[in-house]
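As structure tokens, here come the structures.
Each of the next two complexes has subunit A plus one other chain: subunit B in the first, subunit C in the second.
This part shows the complex of A and B:
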């Protein structure tokens, strides 16, 4: 029996583990090793160069630019997205007119809002990026067309072509695409908060704004916090790669004004043929991602004790 | 869904109160004793505005896909003069959207079956058997959820190249499975722990082997969990952009999201905007249709992934 058990475990765990180690774990370990080499990725020969790549990275202006944009995304995207989502979710679940016998009520049509808001979440980020790249087009796009249609001919920004605006235009698209998911998530959380809490607070004369900050937010804090980490990782990784690579000219924006770390890794490795240096930037990205997650968890814990 | 529940009068009330005053004050006065009526109007206004911002770009894309090129620019917001279905057939065949579609179905189909099978096998063993290294392997899998994929992509490119699987569909399927495993194993492990062990024990006493117990008893019982994690993986894999961009540059094997970006770039030069929009809507429709039909399961599947 015992023998059979181990054979079964080995048989069941073997294939998934092998696949995972070959395609995920092993490349991760390799990338740390490659970050100390001058590997081009094009030829099999390379040499160990110690910390050369790291010191080069510290003097690389494009690295610092991309780092700045990545950090801006990681901090601002969760702030705006989660803030909007909390606001909408509260409106949907608590903002309704009070009916007889109920302390709080959702607005009418709340299920319609939840369905509609979730739409962008099921779309590929590539589709979203292509759609908005067209909408932002300064001459032919819908946004400037709309501005003209309402008589604001004088305001015709270049959007993605203007180094000062491009990064905000890109971030707006990311917010657009992610808010709905959190509206639904927070709505589910709010629905599970006992009604008595609101009733008690409202009887004591609390306003709705007070109930929002004193009841809803503290009780949802765990969900908000994991949403923060999740969004931060998205903003540092795959999502920002797709929007910046597809939407901005270059890609990376006019004068690298929208480039992000993950895109810079890609360009360094596959466009510039500097695989060793690219993995160095990748290691920096890993450190930042882990530090970000740890920081949010830590700040979140302190915040929670206040209530 | 209660689309008819959103009274259009409230849009007007929120957007331009002075003009509409006469029509709005009357019902408002009736409600005045009911607290929260101002908030109600305000919240409806804000909510409708965002709903508009979310739905309009999508409807606009659908509408534009039926227009000819000239009217896209001359009157971007008017309805098409007639339905130009030739945009769709041009995008489907000439711009190869049909090929990309077919590739995506194969890649996602293969990856999804593989992910669910391998993921549930690993999760079952990790959840229900005690053996040395169990915790270590579990954390090895789960740890993969927090790493930036991009770091591994550079070496992964060469791993695949050395195996001769770069730019092939099987290679892409294996990579999709491997990168879907962390979350799948994490989710299904906690799911298998919640299943009663008495049923499995009864099957064992009746003489079923471990393998047979898994496939005939435990897997059917895990169906709700498999559906949730299956939807999560389906959307993630169908919408994947970064992995195929790096690992799959062969034009023959492009998936939908890549093909669309390619189309956007090349149509930009050719000026075939109506064809681009037809392709865009084509790529968008399957998931939107699936979402509208299976709305409840999609939301449950995706949010289950985020909370736990």
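This part shows the complex of A and C:
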């Protein structure tokens, strides 16, 4: 039976592997190669410059600033988003007042909340960013308007125009835009946890908080961990690029207070015509993203619970 | 027996299979890198079309049957003016096939074509996605436009195109030495833009010195009107009135030193005086509240609604803000108010320079056709057409006779006339884009005008950026000739 097996396997694997190499591996290799050149991105001629780009990067203050902001995004965004999503999902599915007949239920109107939370997910992040840029307008925007309406005339922040607030304002938008997806994801996860677990815990007199930490979280752990990696990569990559590019002053400001690595790659490559240096920063971003994923997988490892 | 699970060392288990294919991938990867070396250096076409015969009507020797490709930036000026000029080319050379396209995404569309060596024959390299001119020139990607400048003008064959242009246009297209790489088609007047009506309501005239400016702002403040607003998200609009102000105080050499990235150029007393004057606008509360976080459209709208008197801007604002501008707005532009009597240059000193940069790529197939199209655009008929349809002057000197000018355009022409020889043209914004926009603009002036940095701190910061740019070997440096 073993005869011709390798040929059989190669026949199946060859095409996908080739596609993978051409469209996934090759671009990585190319960018690593370009990171050692002085390629401008505007002309086909370039020369090898060795490690020049890398030593330049290590001395580049903007690189370190944007690295700091990117890491802040990668750590805080998952923490806040997943925390909120877990809380909301718990309230929607399990956290309600006990009613007749059902041992566990969501809060009243939970099916409406589920839709409401998910709603931002159907909007493109670009639209979300533009809408919030209007909302943050200090004179005519909705947020300061609301503050005025409830009598807080004295509190009229500049939002995106203030270097101390801008990055938090941007992060709030990203949380708003992503939390709904995880509410739905965790709801699905919670729905698959057997109800008897909760019933047994409630019979033993466990409070809602206890059931949340002792039953829900351990049984959802795998989902939470994947969500963490996914959100971290989102925060290091496309999503933070879009909101920072569209919303903030500069963009990336005021005074570099919101620059993130992806945005810096984009500006270096396309505005400054230094594609070689940009790929160098891109390689750094690649390393950081891989390290982040590895770290989360490692730290998050715990005993698997089966049910 | 199936081959998808490991079985007593016989055959290949699933895990082994994955391991081995990973190893295969690792071997394959280094071999690729040899190939990728050639990935971007595929310069496809350097073949040019044949030259046509030079005649009086065709001084550039355009091949009348060669195809021509034009790409136009579709921005504040639209594309109609370019299409009208294209129609003239078609009429002159009926055998030529013209491919005309327009886009707002110049860079995303054209960068791959530059890399591949197949760019179009004529490009309006403008807008937010403008390709960096310094890099294009530095990497020898452009055609020298000197033949166009030395060709006979369409309206008067005894004159060269060069002699029909506004002062400074040719120099702006040069970077280092004689070749002219860029033909700026529009002519932009920068300065302090205001509504004559709004000033009349305050019973005031445009202030010629800073004390009058402050007095006027104080008067406006009492009526609940801010003195100034600016594009807070794009603080690099502030230099449109600030740079000529510096030149007026300290002479144009100060700006030249800044452009040349000379050490301590920003520490000149004129710079300090100008910064302090602008900072005073913030300190006295003469800047519209919330200005640091609004963009150019929002600031222009606040200004056309009468919430602020003055805005630093360019002459495109008339077209761009036309939708929100009241009919009786009486748009005008003022040269920067001076500081006091000891200013080096007279009142009227203003920043005016070319806009809408047109380029002919080096590896264009039909560069003569591209230049001929520019020659047509620089004729009086095409120029008038542009001025009438988009409310902006062109690089052609004159050419406005017999057409009715809009209020802003009238005011801009008058400002140019008053300035006479005192037109300054700072080059930071086309030589060092990052330095001008992000470092001086956002990180420097933006912070100062928001009141988060003093003029002294700002000067120190900007000088640091300028020194870093001067030292940076990865950017090409230019000097005023």
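Note that the second predicted complex is superposed on the first by the 274 of 307 C-alpha atoms of A that agree within 3 Å, B and C clash if a C-alpha of one lies under 4 Å from a C-alpha of the other, contacts with A are read in each partner's own complex, and residues count from 1 in each chain.
Note that in this section a contact is a pair of C-beta atoms (placed from the backbone, for glycine too) under 8 Å apart; a residue touches a chain by one contact, two chains touch by 3 or more.
In this text, all values refer to a predicted model and were calculated from it rather than measured experimentally.
Asker: Of the two partner chains, subunit B (first) and subunit C (second), which one does A:299 touch, if any: first, second, both, or neither?
Answerer: In the superposition, A:299 contacts neither subunit B nor subunit C.
Asker: After the superposition on A, what does A:287 contact: first (subunit B), second (subunit C), both or neither?
Answerer: Touch partners of A:287: none, neither subunit B nor subunit C.
Asker: Name the contact category of A:6: first (subunit B only), second (subunit C only), both, or neither.
Answerer: The answer is both, since A:6 touches subunit B and subunit C.
Asker: Which partner does A:58 reach: the first (subunit B), the second (subunit C), both, or neither?
Answerer: neither
Asker: Examine A:256 and indicate which partner it touches, taking first as subunit B and second as subunit C; both and neither are also allowed.
Answerer: In the superposition, A:256 contacts subunit C only.
Asker: State whether subunit B or subunit C is in contact with more residues of subunit A in the superposed arrangement.
Answerer: Touched residues of subunit A are more numerous for B.
Asker: So, A:136: does it touch subunit B (first), subunit C (second), both, or neither?
Answerer: A:136 contacts subunit C only, not subunit B.
Asker: Which partner does A:159 reach: the first (subunit B), the second (subunit C), both, or neither?
Answerer: second
Asker: Contacts for A:116 in the overlay, against subunit B (first) and subunit C (second): which applies, first, second, both or neither?
Answerer: first
Asker: Quick check on the superposed pair: does A:42 touch subunit B, subunit C, both, or neither? Answer first, second, both or neither.
Answerer: The answer is second: A:42 touches subunit C but not subunit B.
Asker: Considering each complex separately, which residues of subunit A are in contact with subunit B in the first and with subunit C in the second?
Answerer: In the superposed arrangement, which is not itself an observed complex, subunit A uses residues 5-6, 8-9, 13, 17, 20, 25-26, 30, 41, 140, 270 for both subunit B and subunit C.
Asker: Please output the residues of subunit A touching subunit C within their complex, sorted ascending.
Answerer: Subunit A reaches subunit C through residues 1-2, 5-6, 8-9, 13, 17, 20-21, 25-26, 29-30, 32-33, 38-46, 56, 136-140, 156, 158-163, 248-256, 267, 270-274, 277.
Asker: So in the complex, which bits of subunit C are touching subunit A?
Answerer: Checking each residue of subunit C against subunit A gives 1, 3, 10-12, 17, 21, 24-25, 28-29, 32-33, 36-37, 39-43, 107, 111, 114-117, 129, 131-132, 134-136, 138-141, 232-233, 235, 288-294, 298, 302, 433-434, 438, 442-443, 446-447, 450, 452, 474-475.
Asker: Over in the complex, which subunit A residues touch subunit B? Could you list them?
Answerer: Of all residues in subunit A, those touching subunit B are 4-6, 8-9, 11-13, 15-17, 19-20, 22-28, 30-31, 34, 41, 84, 87-88, 91-92, 95-98, 107-109, 111-127, 129-135, 140, 142, 145-146, 149, 176, 179-181, 184-185, 188, 208, 223, 226-227, 230, 233, 236-238, 241-242, 245-246, 262, 265-266, 269-270, 275, 278-279, 282-283, 285-286, 289-290, 293.
Asker: Under the stated contact criterion, what part of subunit B meets subunit A in this complex?
Answerer: Counting only subunit B, the residues touching subunit A are 1-3, 5-7, 31, 34-37, 39-40, 42-44, 46-47, 50-51, 53-55, 57-58, 60-61, 72-73, 76-77, 118-119, 121-122, 124-126, 129, 131, 137, 140-141, 144, 146-159, 174-175, 177-179, 181-182, 185, 209-211, 214, 235, 238-242, 245-246, 256-258, 260-261, 264, 273, 276, 280, 283-284, 287-288, 290-292, 295, 298-299, 302-303, 306-307.
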